Amino acid sequence: MIHNGIIQNTITELTHNHAAKYPYIPLHRQHIPSLPLINEIVASIKEVIFPGYSGVSAIEENALILHTGEHIYKVFNLLKHQILQTLLFEQRLNEANAEIRDKADEISCAFLERLPHIKAMLSTDVKAMFNSDPAAKSYSEVIFSYPSISALLNYRIAHELSLLNVPILPRIITELAHSTTGIDIHPGATIGSYFSIDHGTGVVIGQTTIIGNHVTLYQGVTLGAKSFTVDDEGHPQDVPRHPIIEDHVTIYSNSSILGRITIGHDTIIGGNIWLTHSVPPYSRILQTKAVMLNFTDGAGI
Amino acid sequence: MIHNGIIQNTITELTHNHAAKYPYIPLHRQHIPSLPLINEIVASIKEVIFPGYSGVSAIEENALILHTGEHIYKVFNLLKHQILQTLLFEQRLNEANAEIRDKADEISCAFLERLPHIKAMLSTDVKAMFNSDPAAKSYSEVIFSYPSISALLNYRIAHELSLLNVPILPRIITELAHSTTGIDIHPGATIGSYFSIDHGTGVVIGQTTIIGNHVTLYQGVTLGAKSFTVDDEGHPQDVPRHPIIEDHVTIYSNSSILGRITIGHDTIIGGNIWLTHSVPPYSRILQTKAVMLNFTDGAGI
Amino acid sequence: MIHNGIIQNTITELTHNHAAKYPYIPLHRQHIPSLPLINEIVASIKEVIFPGYSGVSAIEENALILHTGEHIYKVFNLLKHQILQTLLFEQRLNEANAEIRDKADEISCAFLERLPHIKAMLSTDVKAMFNSDPAAKSYSEVIFSYPSISALLNYRIAHELSLLNVPILPRIITELAHSTTGIDIHPGATIGSYFSIDHGTGVVIGQTTIIGNHVTLYQGVTLGAKSFTVDDEGHPQDVPRHPIIEDHVTIYSNSSILGRITIGHDTIIGGNIWLTHSVPPYSRILQTKAVMLNFTDGAGI
Amino acid sequence: MIHNGIIQNTITELTHNHAAKYPYIPLHRQHIPSLPLINEIVASIKEVIFPGYSGVSAIEENALILHTGEHIYKVFNLLKHQILQTLLFEQRLNEANAEIRDKADEISCAFLERLPHIKAMLSTDVKAMFNSDPAAKSYSEVIFSYPSISALLNYRIAHELSLLNVPILPRIITELAHSTTGIDIHPGATIGSYFSIDHGTGVVIGQTTIIGNHVTLYQGVTLGAKSFTVDDEGHPQDVPRHPIIEDHVTIYSNSSILGRITIGHDTIIGGNIWLTHSVPPYSRILQTKAVMLNFTDGAGI
Amino acid sequence: MIHNGIIQNTITELTHNHAAKYPYIPLHRQHIPSLPLINEIVASIKEVIFPGYSGVSAIEENALILHTGEHIYKVFNLLKHQILQTLLFEQRLNEANAEIRDKADEISCAFLERLPHIKAMLSTDVKAMFNSDPAAKSYSEVIFSYPSISALLNYRIAHELSLLNVPILPRIITELAHSTTGIDIHPGATIGSYFSIDHGTGVVIGQTTIIGNHVTLYQGVTLGAKSFTVDDEGHPQDVPRHPIIEDHVTIYSNSSILGRITIGHDTIIGGNIWLTHSVPPYSRILQTKAVMLNFTDGAGI
Amino acid sequence: MIHNGIIQNTITELTHNHAAKYPYIPLHRQHIPSLPLINEIVASIKEVIFPGYSGVSAIEENALILHTGEHIYKVFNLLKHQILQTLLFEQRLNEANAEIRDKADEISCAFLERLPHIKAMLSTDVKAMFNSDPAAKSYSEVIFSYPSISALLNYRIAHELSLLNVPILPRIITELAHSTTGIDIHPGATIGSYFSIDHGTGVVIGQTTIIGNHVTLYQGVTLGAKSFTVDDEGHPQDVPRHPIIEDHVTIYSNSSILGRITIGHDTIIGGNIWLTHSVPPYSRILQTKAVMLNFTDGAGI
């Protein structure tokens, strides 16, 4: 059986002396969070925030409290376990003790208490999206089918978990939305009310970004870092390095705003701009006019 | 049980006086469409349009009519129910009556009659994709693995439903494709034959866009609105506000074409352009040449 | 039953004279690959490369060989069958013979032997990602939640299959990653070690691209073709047409680098650039400064 | 296409003049209960009664109230909807009105209030099963793996729903257990505490059976009806027609006890008995001794 | 790694020289039928026979033809493939040829034409079940929740396939029902109209049994073979060896009727009987009266 | 909200003072085995024993070792974890230590080494089933569709685990088969080669039963205990209390053989017998002849 020999050699090659051969792929000896269960947590929070919009059944007035009750309990039961896993993951522990279990429970409780705030913020986001899209017919339609609402739901959940110092889980939650919407918002970013993102694919909002109220972004906008200083081990330092966007700013498609700069309030930035310096309030920024040629011989460019 | 107290408070906070606290999250009292069933409808239409490409089994000649028959019946049975849900959703009705049921049936029938047209258009799109990619080896490969074909399948279905005035469902269908391909085509857009999109992530085609025949777009191209007028309640008006792209136009990656402008036929637009005015036929548009510096000291930018 | 009549007509319309009406939708008479099984293959290779990171269970030291063994066998059993399907698909055969079965087995074996190399390359990619993101806390976190790692895992698998001349399968595998990450790397591209992509949505790397070591790309970067020559039947020719990126190059968000040009080593290219000519080592490329206006009257742009 | 002709004929044959051709297969025009959701209800009640035994996770002391809370809410939300469906089913209504919705809510509430009683009864059944099986090692093992506990869980749920006059649902719930355990207990039967069934396959307990406390049955025992009177339309009348089994009775495998007879307390009935008359307390009933032959020539029987 | 050594030895032990070590476990080199797809076929036939009873949605009058149409097409598409697999299985062929494909198509067509007959027979079975159970409230309830209807549905499908000489598939279909209902009817048995089985667990009806009209069986009844003659290779011969049950016969629980005997019409057989000889019409058969003792000292039996 | 009040009361009622109110429902504080994973283990062992019979794909000669290799690794990885859970369950431990992990590994290894023996025994069972059923056409058909083979597969796995003193898991494995086949074999029973069970529903084989070679049982046969002595705490003692069945014995349907008696070799026991005393070799046991009456007036019995 030649195949079996090759298989055995391959197994050996891939496992013998693992740490030396694959130095940046550490073996996990700890518990790790579960993607399917995290998905379930987010789905249940969605049922709490936007009751009845998951496409299963309408929620009548007198069923609201029962529907919310079921999902709040479920969120708590699942969340405290996943938070426990992430604490073990971070502290590289094999087994839980009473202290760490209590901490997981406390964080979960503290998160629950932030849910009304998250819901209130998302209510303003729905309004902002509705106001910025002529094609929108109702708030319900916005909630039901706009990818930016999904991305903001996950971001606002992840941001609160991040403020409670939960490791890794916030990033996983925003990546879930990144994967389905193409919108990549770091949980560490601070975002005000009435925030809207149209279309959204390719939007990136970095970790130390600060965004005011009534801000609108279009697809492909990057709020990123330009460069960063590196620590002694060659790892870049985690310092403020992303833009501050003040109230009532609009940024058009595919523009890149980089570095710890400030975009003054009531500014409009056109599309396809590379911007690495601050601009004052009420600015209008436009790309230099393109070169235009007119051929009739079918030549390419 | 301190936890249970916090849970009970949170439930109350999230549900008591809901309309006042969360004004833009209306409770649904109506039936709503079902995402899993809509996915099933699209999958069955795909079996009708591209028989045997779903990766389950080959379709031999004499099985084509049977395969098509099964899926046409299935589409009709599922679609009429989902259309009924969207009509109830739009009219805020709790229960269906005979009139609205008949309307859902008629629309579903009318949609079925458009399927041969949809299939003929998609046949030309496959040809266009094949011709624009040197890496493509066969039409089958294009159908089987190109995301733009998925996006156009969903768009062409949604567009016909949109012409039949079906509410919300068309948008849901294009968002399904947006989520998996990063290509966001509004169902209201009008797109001619032999249309191709290469790679596609980040492409946005707005609601009132009109695209001719033999047009090619690359990834990240936006055909969008620059601004819009607002009605008395602050909601923007739904008027023509996106570009008209004539026949045989090619637009390279990440360019933003905005407003009700016309791009003349046989034009080529380079990448990373911000364009807000019309251009005549046979134009060639290029970004202003970049600034180039040459350092040897490792400095950043 | 008027509905049934319309249904029967539609079935006829969609199937009668299929080849004439839908010339670019060939009926499949051959076996075709199965997406769910290809997904399973990739998932098992992921278990081999990053053991225990799939969120199911931690892998202790002495379980590594057993865990790897299970998945190597599984990969082999599934892969040889899918490769057989793609060979039949390419050669338009209805049934397999001994020769083609043997070929599928041999290719699968040869692929297995490349797995240690794939794993070693991905180990360097993890290190590169970790070094380029200040927000990263550990290698584990990078492996667990960074979409670029998923995209590179699929690319590096697909690239090896592509070198073994497996048809269609490599493209399907990179499209799976494209769909979830928005990163579109053609399996034919050649990519060195310590490669990193930050955020990644909208990145396109074309078929004949050659990338050195220690290269970093940001979201929305295109390494594409500018134009191509067409053969006698109007199909574009498959020749080198994408850029060569030398070692230690960084390219910022949304830039488009097109054509068979060379970007010299240690170059940094800013964002939103359209670049179609070669640049020497140590270059710094920046977009022409934007036009800036300052309004206080609320006018748009 | 000869196949398509046969298919069309078959469809016509099966649907044209349906009521005349298939008089005992009424078309359903009403809502009907959903088996998957009923399964979910029973699974959640099981989580309430036997918390943590579903094989998913252990339930620690301080998690009990949270775990119970989640499932009680879930049971209520699902149950009121399924009860509504059965009320519509029974009354042959197409749409619900407020009155019938209220009734469904009230019944669901009343059922919830019986759950502590159901749990207390099942606690005694666990004890009885443990005491009657030498192979049992702990109460936990009995709860975890004995089919009779599953059957009694479903029966005791169904019986309470039956007392609340819920149509059809109780029977569906006991049939779910019948299908997996082979134990067929009619929801109408009355069963005391400390009831045990060993092995259980083939046990039948009829609708009007009354069973005291501390009764034990073995596999294949029938507590059935011998005959019944028929009403004017030929349908048998629903009157008491099954046995009364007093306290502390044991019935061995495969015995059939039929008719409205009384088995006195502290009686033991051997296996394979056909019994159609009452017996006094403390009875011992045995099959007539079998005929025994002794052959050495290998003849059959 | 001692574990890996043991694993390798075990693999060798289980595979080396397989045919010699495990002579009655032949390796399959042929295609084999798929249980999940056979389940889907039966489920679709159920939708055709009992439209709308699967718990998903009500079927209104004008939807009947559409609902039936979808499932008839689906049955045909799936069935012809599974029949092909069983023909290959029986003939030990690795690959299909045109002749065997045509045969599979023809059998599938012939089966479709028997569906109206199957439906008519099942309609009478529903009536018979309704008439024999005082607890039944409507035909709908019988169809919806009686396991005997499931068992008869599968049997009547399997019997028609058996008459068309389809190998193995009929047995698989009746075993599916056996597994969920405990009722084991061989597809070869011949069963008249208005047949009912109450409770049903443990009922066995052998291959050459012939049952007339209006026959009722209770749980645990065996219509079996007493003995059989053996061919030269020690395999028993397939000859008539099970009972003939004439019209209007009732057999009570757990009785065993064995051998090619005839039970005359209008006979009633009590429970727990062992019967191996024919009985004339109008017979009444009862077990010899049990021995009855009366103890008050708690002694066992 | 009256409903919410009732819900809160019910939660309290079900959880407050749990141990006092529900004394025989202990809360689980330990890990418990997982039914879905145990199902997966059994399914993989089935792939090892009967390669290719799961209905997924044929196994060619040269694929046998690869197929077996994959599933042996999988069984080992899953089994050692489930055995660990059962050891924790039995010892009421919350967390694992190194010693108990090693024990789980060792038991799993020891079990793997018994697989060739299990496979050899099942090979003889297939032969025995084939020889006892005239309707069987091939060994393959027996393996593919006879429920008794499923039941014996699970029993023979469970029996070996039982000999290795694995707690609770063996019982769960035999109950899985009991649920789908109606055949209830205790893992503790000892069963020789060439064992067959025809039809099988209702068969019960108790914990201390000893069965020789070439034994055949029919449906509904009980090999059980008649009575048992009780320990000081009222729990029955686990002593030999089930029959010894010598070689070449056949027992017909629904007979009950009870107590520590011996059925001599080459004996045939007819159906519906209650037997509580030993019988010598070559015996023939028959039920006393039934009472037969002949009525023509339609009277019942």
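Chains: A, B, C, D, E and F, in written order; residue numbering restarts at 1 for each.
Simple rule for what comes next: a contact is a pair of C-beta atoms (placed from the backbone, for glycine too) under 8 Å apart; a residue touches a chain by one contact, two chains touch by 3 or more.
Since this is a predicted model, take the numbers as computed values, not measurements.
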| item | value |
| --- | --- |
| Lowest number of touching-chain links that must be crossed from chain C to chain F | 1 |
| Copies chain B and chain E - rotation angle from C-alpha fit, nearest 5 degrees | 180 |
| Chain pair, B-D or A-C, that carries the greater number of C-beta contacts | A-C |
| Maximum centroid distance from chain D, chain identifier (CA atoms) | C |
| Interface residue identity across copies chain D, chain E - same or different by half | different |
| Separation of mean Cα positions, chain E and chain A [Å, integer] | 55 |
| Computed distance of Cα centres, chain E from chain C, in Å | 51 |
| Chain C: positions in contact with at least two other chains | 3, 7, 65-66, 69, 73, 76, 182, 201-202, 220, 252, 254, 270, 272-273, 286-288, 300-301 |
| Residues on chain A engaged by chain F in the complex (per definition of touch) | 1, 3-4, 7, 62, 65-66, 69, 95-96 |
| Touch list for chain A against partner chain B, complex | 48-53, 55-56, 58-61, 64-65, 68-69, 72-73, 76, 105, 109, 112-113, 115-116, 119-120, 122-124, 126-127, 130-141, 143-147, 180-182, 199, 201-202, 218-220, 226-227, 252-254, 270-273, 286-296, 298-301 |
| Chain D residues touching chain A - in the complex, by the definition given at the top | 57, 63, 66-67, 69-70, 73-74, 76-77, 81 |
| Parts of chain F lying in touch with chain D, wherever the complex brings them together | 2-3, 6-7, 9-15, 18, 21-36, 89-90, 167-168, 171-172, 175, 178-179, 182, 184, 186, 188, 201-202, 204, 207, 220, 222, 224-225, 228, 234-239, 241, 252, 254-256, 258, 266, 268, 270, 272-275, 279-280, 282-288, 300-301 |
